[in-house]
Amino acid sequence: MSVVVQNIERADPAIIEALGECGVATVHEAQGRKGLLASYMRPIYRGTSLAASAVTILAPPCDNWMVHVAIEQVQAGDILVLAVTSPSDAGYFGDLLATSMQARGGVGLIIDAGVRDIRDLEEMKFPVWSKAISAEGTVKETLGSVNIPVVCAGALVNPGDIIVADDDGVCVVRREEAKEVLKKAQARVALEEEKRTRLASGELGLDMYKMRQRLAEKGLKYE
Amino acid sequence: MSVVVQNIERADPAIIEALGECGVATVHEAQGRKGLLASYMRPIYRGTSLAASAVTILAPPCDNWMVHVAIEQVQAGDILVLAVTSPSDAGYFGDLLATSMQARGGVGLIIDAGVRDIRDLEEMKFPVWSKAISAEGTVKETLGSVNIPVVCAGALVNPGDIIVADDDGVCVVRREEAKEVLKKAQARVALEEEKRTRLASGELGLDMYKMRQRLAEKGLKYE
Amino acid sequence: MSVVVQNIERADPAIIEALGECGVATVHEAQGRKGLLASYMRPIYRGTSLAASAVTILAPPCDNWMVHVAIEQVQAGDILVLAVTSPSDAGYFGDLLATSMQARGGVGLIIDAGVRDIRDLEEMKFPVWSKAISAEGTVKETLGSVNIPVVCAGALVNPGDIIVADDDGVCVVRREEAKEVLKKAQARVALEEEKRTRLASGELGLDMYKMRQRLAEKGLKYE
Amino acid sequence: MSVVVQNIERADPAIIEALGECGVATVHEAQGRKGLLASYMRPIYRGTSLAASAVTILAPPCDNWMVHVAIEQVQAGDILVLAVTSPSDAGYFGDLLATSMQARGGVGLIIDAGVRDIRDLEEMKFPVWSKAISAEGTVKETLGSVNIPVVCAGALVNPGDIIVADDDGVCVVRREEAKEVLKKAQARVALEEEKRTRLASGELGLDMYKMRQRLAEKGLKYE
Amino acid sequence: MSVVVQNIERADPAIIEALGECGVATVHEAQGRKGLLASYMRPIYRGTSLAASAVTILAPPCDNWMVHVAIEQVQAGDILVLAVTSPSDAGYFGDLLATSMQARGGVGLIIDAGVRDIRDLEEMKFPVWSKAISAEGTVKETLGSVNIPVVCAGALVNPGDIIVADDDGVCVVRREEAKEVLKKAQARVALEEEKRTRLASGELGLDMYKMRQRLAEKGLKYE
Amino acid sequence: MSVVVQNIERADPAIIEALGECGVATVHEAQGRKGLLASYMRPIYRGTSLAASAVTILAPPCDNWMVHVAIEQVQAGDILVLAVTSPSDAGYFGDLLATSMQARGGVGLIIDAGVRDIRDLEEMKFPVWSKAISAEGTVKETLGSVNIPVVCAGALVNPGDIIVADDDGVCVVRREEAKEVLKKAQARVALEEEKRTRLASGELGLDMYKMRQRLAEKGLKYE
């Protein structure tokens, strides 16, 4: 049952980087409003915006053994995505594991559980999006798997999918759809710039989006 | 059922501003410990303290159409207060809507749901108190209402009521009671200054508030 | 039933200070992964790391009378630990009480309820770990107790136990075990430094901790 | 601040009874999908369906003094609606208060807090919809109010409004709108009977509601 | 983006039925402790135990349009599995939809949201496992999809996967693995019968599972 | 660190039984409103009322090994009280363990985590009060302790303390205080009978408890 998949496909680094520049909200919209992880996934510190290739972990509750196994599979530009088999808020990950990740070029962690040593992690500039912050220790007794599809915070993540994460939260993009999603995301960015200018000049969304007639048809009354 | 009330009464701007200087805790106490929104309403960034006149929105879950409608009703110094008809943590509001708000003089948002683009909002100095931070997109399909009484995060807010908000949370003051509440709040501020000085000098609350006798009468024992 | 215990034992200040330097995660591990308060206990601002001797409070919901009683029992280096008899997120504590605490040498507050005036508290450098931030006022009507054993956020705290708190959360150390725990915690700190160096050089945890054989025995497969 | 309003208007008992026969879901729909209390309000036992006139209570956390005050205001066919000034799950109400209620013709309790003695209450056939079940005792120290407008579980309830409650939850109907809402609710009931027959015969909602064209226009694809 | 997949594979009905006889806990264990939906998914009434083939729905929050679309795809022995694109506790489903389901041979509903008319559903013997019970109405405005893979209450469900549900909760079995899982589940059932007899006779698990030596090796001490 | 304490003191069975007849609410009040476990602890089926002597377990998350160890320590009339070192809702306990418990005379389980096979448990008349119902399996890898003081659902429980549990929840009574608490509880029961009669006859609590004067002194106004 417990397996480590060693050779996974990754998306083109240029596409990954470009998705990161678009940000979570834009990428989520561009791919048809899908792929968001639950809103309880929060960054342990603000100000990071990134995109990276997922190395996935399915871990037992309060057992971080598989994190050690996963780090061997990490390449430069990868991010760990840890899902649990049963809810836990224990602190699976701290500054030592982050040191190991950085030594291999890993850029961050998405974890549907807890993390600790957050002050050290911030100083190391190792970003984490987690469900909880907790010093609760974990054991190394039960196997899980690495690089299998997992459900993390309500979203399906396959190994090699692209994770986009910033202060708004975390979004996953299917590897196979990454190029197409990027195109749409970049189109949105361009479009938003124009909208921003018009709104800043005082034009109303009601007019810019031509909403008045449809609102009236739906029955909106002004008093 | 869906209505936009266009002419609402607002309180005297001088009173609103003065309430903002008193802060949430003081205003809440001054009006008899009422008017607080639920404690899950948190600012998306720290350090803002304001008071403003409420433009209210009753919105369907995951549908931000009424925000566009409401912004047309916003005057300088107003704040949007968005309540939902069913719980949602979707991201109803982001930097484009904030741009539109600022173009009309709107000063912030209170939302019993989610908000996104929070990094941009902080850079724009557009404060939001929300239940969630989420990039989840919304639709524009179902009507709601603007400027009707709403229950937002457990508190009744009428259009034109005064919202006081700071790092401690959000409080609403009835427009008709604003002047009286301000008077009491300012009296508390004056009183607190004196208490602070005495406590800082080492005097105990037990003595300053003359609590010892009543504690003894209630049966408190010292061992 | 309501009692104030006045003469409590405290641990050696040098031991307390040294525990604070080890941090929550290390101390928690050193004493066998026990003593953590629930992960919902969060600091109202980041960056504080401390250890202090507990003065405990058992308070009724929404009633902060016992805080005044407890402050009289505070000595330099003490921290208040407030537990409630029924869940509450009201704001039991604000800048006036913090002023009084600081006048007596008190260094902070651990509260399984709410706190207010958090901006002032941060400016005063008075750290608080709490379940909630809320301006909700409290009354002074019902007795509780001071310096009895309490269950705070799921952990038993005796008066005079040592509280260690930082950005990762809060941990309690039995006074009687403090010396022994410190020894083990300092040993861990020393050990971690060496591990950090090895991991930073690229050595894997799998090798450093010699995990490969046991993983294979448990049945882990590589594909 | 603390007041007991003694003479409140009540709706026509025949209208109240008829609303009760329609049930919560139907009444909620009939009045335009408004008036529902939060879904965490659950009956302490299943199988009751009622409508009643609200006697409202605004109570402090963990303090049930106002329940005694409210019961004096209860007339035959009334239901108590208890809102709190700060969240609490304590057990404000048990079999003694229910005995007193029944002696006055009171028919139930809606409480945004806890209730106890639930086995006795079920045997007495005294229905309660509550946020929690808890034996936690309460005090009688702080005043609240009776028969003022309250926000209970997210819904505004005025004294004399009609409460409809069944296994699906709790809904409030404005007293002034009760007659109109009843007419619409009864129309829905009639309509649903016909729909039920058609659906039971195998007709699809897609056809009965003529949804296919609009689905196609919105872009739904069949594979 | 919105699609209805019409021809899905289903597992052998005999296998499905046999899985239902094993129950959730046994099936979950038999397939290596995977496939459980979150524990907040509770039956609206107790005593049902079933297995069925999944027809999946991905629905927007508070919009039940796709339920109508999905019912056309239901065959005898199918169960609806509804996942949402954003959290909602609205009442997507009631007695009319259940009538339509039963007319087509549908046997139940798994919904990561709310359900209403629960008394009628129980009388109709139409079982539902849901996150919430709520009379909150929904709209028919936004498309979703039918018979695509969905994440429902934290578990990935593909159309045609087998849902096993009873009073303990809900478990999903991959269609491709159903035969193998059944074999293991039936083996467990047989084995448990023997264990039950031995335990009932007073034999200890410590002895039956030969745990004493391993406990001692791990360091367990008896005082 | 991991220990099994074998010889624990138990209270007089007659006292235990008599406490059970008083019920949770009465016992909780009689001992000064203390000892209640959190209100999320709910019986898996209604109608049981018991008192029993606690055999305590401190267990790791998702690991039920110590349950087997504890059952050997169970005597007739004992109840297991399981606390966890980190939050978990996994299903630690099912019908096999209940069979083993009943073979030894054990009468129930209090568990700050999950339980499964609840239908079997109800048929066996083996009552459980738990935080969750979940089929999630557990492992047997990490030691805990048996018969040490534990914090279960927010309450301190020592081995040999008396657990009183019914539909209202769970309360713990210190073994040393059991006799005194029983006396007070029985006095309350007697007193309540008289109050019930008076209230049933229509007398108001306002009069029976002589509350009117104190309410007026506090400032209650009638309109």
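Details
Letters A, B, C, D, E and F name the chains as they come in the text, with residue numbers starting at 1 for each one.
Here, a contact is a pair of C-beta atoms (placed from the backbone, for glycine too) under 8 Å apart; a residue touches a chain by one contact, two chains touch by 3 or more.
Remember, predicted model here, so these are calculated numbers, not experimental data.
Counting steps between touching chains, the shortest path from chain C to chain E takes 2.
Common neighbours of chain A and chain F, listed by label, are C, E.
Of all residue numbers seen at the chain D-chain F contact, under half occur in both copies; the interface is built from largely non-matching residues. Here D-E and A-E were compared by C-beta pairs in contact; the pair with more is D-E. Interface matching across C-F, D-F or A-F places the copy of B-E, with more than half of contact pairs shared by residue number, at A-F. Note: centroid distance chain B to chain F, computed from Cα atoms, is 41 Å. Each chain gets one centre point, the mean of its Cα atoms, and the points for chain E and chain F are 31 Å apart.
Inter-chain spacing, taken between the CA centroids of chain B and chain D, is 28 Å. Looking at chain A, one finds that residues 1, 33, 85, 87, 89, 136, 142 touch two or more other chains. Shown here, the protein chains touch in an arrangement that is not a line, ring, star or fully connected set. In this structure, the chains touch in the following pairs: A-B, A-C, A-E, A-F, B-C, B-D, B-E, C-D, C-F, D-E, D-F, E-F.
Those residues of chain E that touch chain F in the complex are listed here as 24-25, 28-29, 33, 36, 39, 42, 46-47, 49, 166-169, 171, 192, 195-196, 199-202, 204-206, 209, 211, 215, 218-223. Per the touch definition, chain E reaches chain D in the complex via residues 2-6, 65, 68-69, 71-72, 89, 91, 94-97, 99-100, 102-104, 114, 116-119, 132-137, 140, 142-143. Looking at the complex, you find that chain B touches chain D at residues 1, 32-34, 38, 85, 87, 149, 151, 154-156. Across the interface of their complex, chain C is touched by residues 60-62, 85-90, 134, 136, 139, 141-142 of chain D.
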